[in-house]
Amino acid sequence: MTHAALRRTAYEANMALASSGLVMGTFGNLSVADRGAAVFAIKPSGVPYERLSADDIVLVSLDTGEVMDSRLRPSSDTPTHLELYRAFDCGAVVHTHSEYATMFAQARTPIRCMGTTHADYFRGDIPVTRPLRREEVEQDYEKHTGLVIVETFAGCSCREVPAVLVANHGPFAWGDDAGQAIENARMLEYLARLEWRVRAIAPEAQPPETFLIDKHYLRKHGPKAYYGQRQAERREPRR
Amino acid sequence: MTHAALRRTAYEANMALASSGLVMGTFGNLSVADRGAAVFAIKPSGVPYERLSADDIVLVSLDTGEVMDSRLRPSSDTPTHLELYRAFDCGAVVHTHSEYATMFAQARTPIRCMGTTHADYFRGDIPVTRPLRREEVEQDYEKHTGLVIVETFAGCSCREVPAVLVANHGPFAWGDDAGQAIENARMLEYLARLEWRVRAIAPEAQPPETFLIDKHYLRKHGPKAYYGQRQAERREPRR
Amino acid sequence: MTHAALRRTAYEANMALASSGLVMGTFGNLSVADRGAAVFAIKPSGVPYERLSADDIVLVSLDTGEVMDSRLRPSSDTPTHLELYRAFDCGAVVHTHSEYATMFAQARTPIRCMGTTHADYFRGDIPVTRPLRREEVEQDYEKHTGLVIVETFAGCSCREVPAVLVANHGPFAWGDDAGQAIENARMLEYLARLEWRVRAIAPEAQPPETFLIDKHYLRKHGPKAYYGQRQAERREPRR
Amino acid sequence: MTHAALRRTAYEANMALASSGLVMGTFGNLSVADRGAAVFAIKPSGVPYERLSADDIVLVSLDTGEVMDSRLRPSSDTPTHLELYRAFDCGAVVHTHSEYATMFAQARTPIRCMGTTHADYFRGDIPVTRPLRREEVEQDYEKHTGLVIVETFAGCSCREVPAVLVANHGPFAWGDDAGQAIENARMLEYLARLEWRVRAIAPEAQPPETFLIDKHYLRKHGPKAYYGQRQAERREPRR
């Protein structure tokens, strides 16, 4: 992909994010990687979506983390995106301040897998990172935000659960491409609304058995998936 | 009704469902039966509403459950619809992931009949099914989803309470025709919002006396109904 | 006012109500009285707002409660409106199923006067009626709904608190004219949202002192009112 | 700035406020100061936004608090604005009845700084004033509303926390200019929604450490700010 094409893809995805209702003001950012070229494209820092153009998109090296061939400064969250690309098998990363997911991050409470709607997209709870330590905040804060996300996924699959809540901050989601990353961020917000309401009136409610969660996850994502029309569209099982 | 006409009816009803705000993404499906022809028409699996056409609608035999004369695979929930048509006296079935009703399903909490708005449409609580057992999930999952709904109505009337919450999954509603099924699904969501808010601030609040519920239900649905304008529009009492 | 003009007024007010977001489906109704002619005009029963015309509006005698010069049946809630006109000094009555006010009615919980926004419109709590007794429901139900509202205002002023919650049913509001009745119904819903949220997170929160409530109520409604521009617009103190 | 230009600025900002979703009916008002000319411009009392024109804006002397060169009466909250201009270093003041912020005012509960979204705009909790005493309500009520806000900021910075909740009343926010004041009011409402939801499901949740709050506040507002594109846009640290 040319730099111009990668910028165009990232621009269009950032504008789709802006109209998704998941971001407010200049909050939120989305990046798209071209792994073949070892580069990712990200929103510039603090530019309102209504003034954004494809030329404003900033390119960053996946190898060095340095800005390449760009006129603006990248999103202040760029080092977070970089760490996610380094550790996770994904092609796009999105960060929003969507209201219910951000609220769970502020409450440092995971979004439990309480039903089949959740299991259709995420095979298990959406975890919360541990709070960052003082030295992590004061030095290389945004890089440590990425590292603490990666640490959170030590025991679970970043492909089966493609989203996280950063403690007292907000959600990040990812996917094979920008469309999937945005869809995961939208579903995350929807599931946060459901789970918030369950907790508000039935705090003692228990999650379903694992066999129900697996059934729904695997009927959409596993090698024996039978949801939808075309075999070709089926993704490999996430591991 | 010709197959084309049945497809057209099901297509239009699915599009009305899509614009009702009760479904999200490719979630949700609606079917319409032609009992004279022993066939029902249902949404294909995983096709986004914006790309759906009447020709995509799938026809299924009410006798055998087999697909007839169709080019796409039916909704993965088709065996659930089939069991409902076999057991219940209804002409249309709708499944949504509407937010508050789905939340009650996830909390495995019935939507109680707390007022006259509820009683105008449903003569009593909206029940929750028991959770499915492992073997029911692992073999013929969607068929068992239908059977557990039917089991839930062993002691109550599927005509007087035309909706149910499937545990950790979501709501199903039905009616004499597609318009009535969608209206019941909309009212279900509205009533779920009311009841959720009652439970959040007044968990000890008690339902009204049965004579108030019966009064409202029967002034719209009974043989002595006096709501509305035309005698001819009154439906028979539901049993 | 001619019958046609009264019908036109009631028609336009019902349509304004329909677009206010306070009613759903065919729920809700509004009436306007012409006290000089001893008649009030009300929405017909069960007619969807989108099919309503001015000629459909039903006229009812304030003296006898009988329908006059009309082709349709009046709202089934007509006897409730009649009792309110007989007991209260008001020119319009509105009944909605607005979500938060209806929820308070279902929880049989008054909407407390917790702040100055409330006191600008209502000088005190919005009360809930007692539940109707079996015989009141089974005989002349809608008339008894009106009588129990009037009974609720035995100790307080229907002018200073122009709204009520009927237990397990929903809100009624009134005013000097249709515009004021709709405004009161809108404010009631707004205040119900505020108070519901206070109760959800701070159930022990206490109302403000009476002198603050009186200050705000009287700076808009008393003989020394100083809110707004024109002396002529000031209403008499409500008693 | 000429009086006409100041009126135009205040008019446009009041109209922007009206379309922000933060006010309802005639509630809410915004003023803009021209400190060089010792005057501020404010919305007239009780005039609906849809009928407002720039010529209706009322000018008030910052020195004497008297109306200057105007045909209408100023907002009844004018003495509150005056006290804020006298005590605080700000160029615009806005008062709304936005739903969640007003609810916190009614519950007399501060909006805690629970996350980085909050810290991006406010360096700490949004405080609640003490309730006014009887004599403060009965004499010069609106002036005392201003004085109690100023009293609330005795121990904290009106620049680092540019908003307050007046007990049982509602929020006021301010900023260097009208755009910043409205943005602060919008963020206040957003943060109130987040914090309300945290309190509803996790009342025991604790705020983040101060070093995280400072990090986010200072990366946008401090002398070493690195958020956004242009050095020139960076404001001085608030004190």
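Chains: A, B, C and D, in written order; residue numbering restarts at 1 for each.
The working rule: a contact is a pair of C-beta atoms (placed from the backbone, for glycine too) under 8 Å apart; a residue touches a chain by one contact, two chains touch by 3 or more.
Since the structure is predicted, the reported quantities are computational estimates derived from the model, not experimental observations.
Least step count on the touch graph, chain A to chain C: 2. Of all residue numbers used at the contact between chain C and chain D, under half are used by both chains, marking a mostly different-residue interface. Put simply, chain A has to spin 90° for its C-alpha atoms to lie on chain B, with the angle rounded to a multiple of 5. Chain B and chain C have Cα centroids lying 34 Å from one another. With each centre defined as the average position of its C-alpha atoms, the distance from chain B to chain D rounds to 48 Å. Multi-chain contact residues, meaning those touching two or more other chains, occur in chain D at positions 200.
Across the assembly, chains come into contact as A-B, A-D, B-C, C-D. The touching residues of chain D, when paired with chain A in their complex, are 114-117, 120, 183, 187, 190, 193-195, 197-198, 200-202, 205, 207-209, 211-212, 215, 219, 226-229. Put simply, chain D touches chain C in their complex at residues 24-25, 27, 44-47, 72-73, 76, 97, 99-100, 102-103, 105-109, 131-132, 134, 137-138, 141, 167-170, 196, 199-200, 203.
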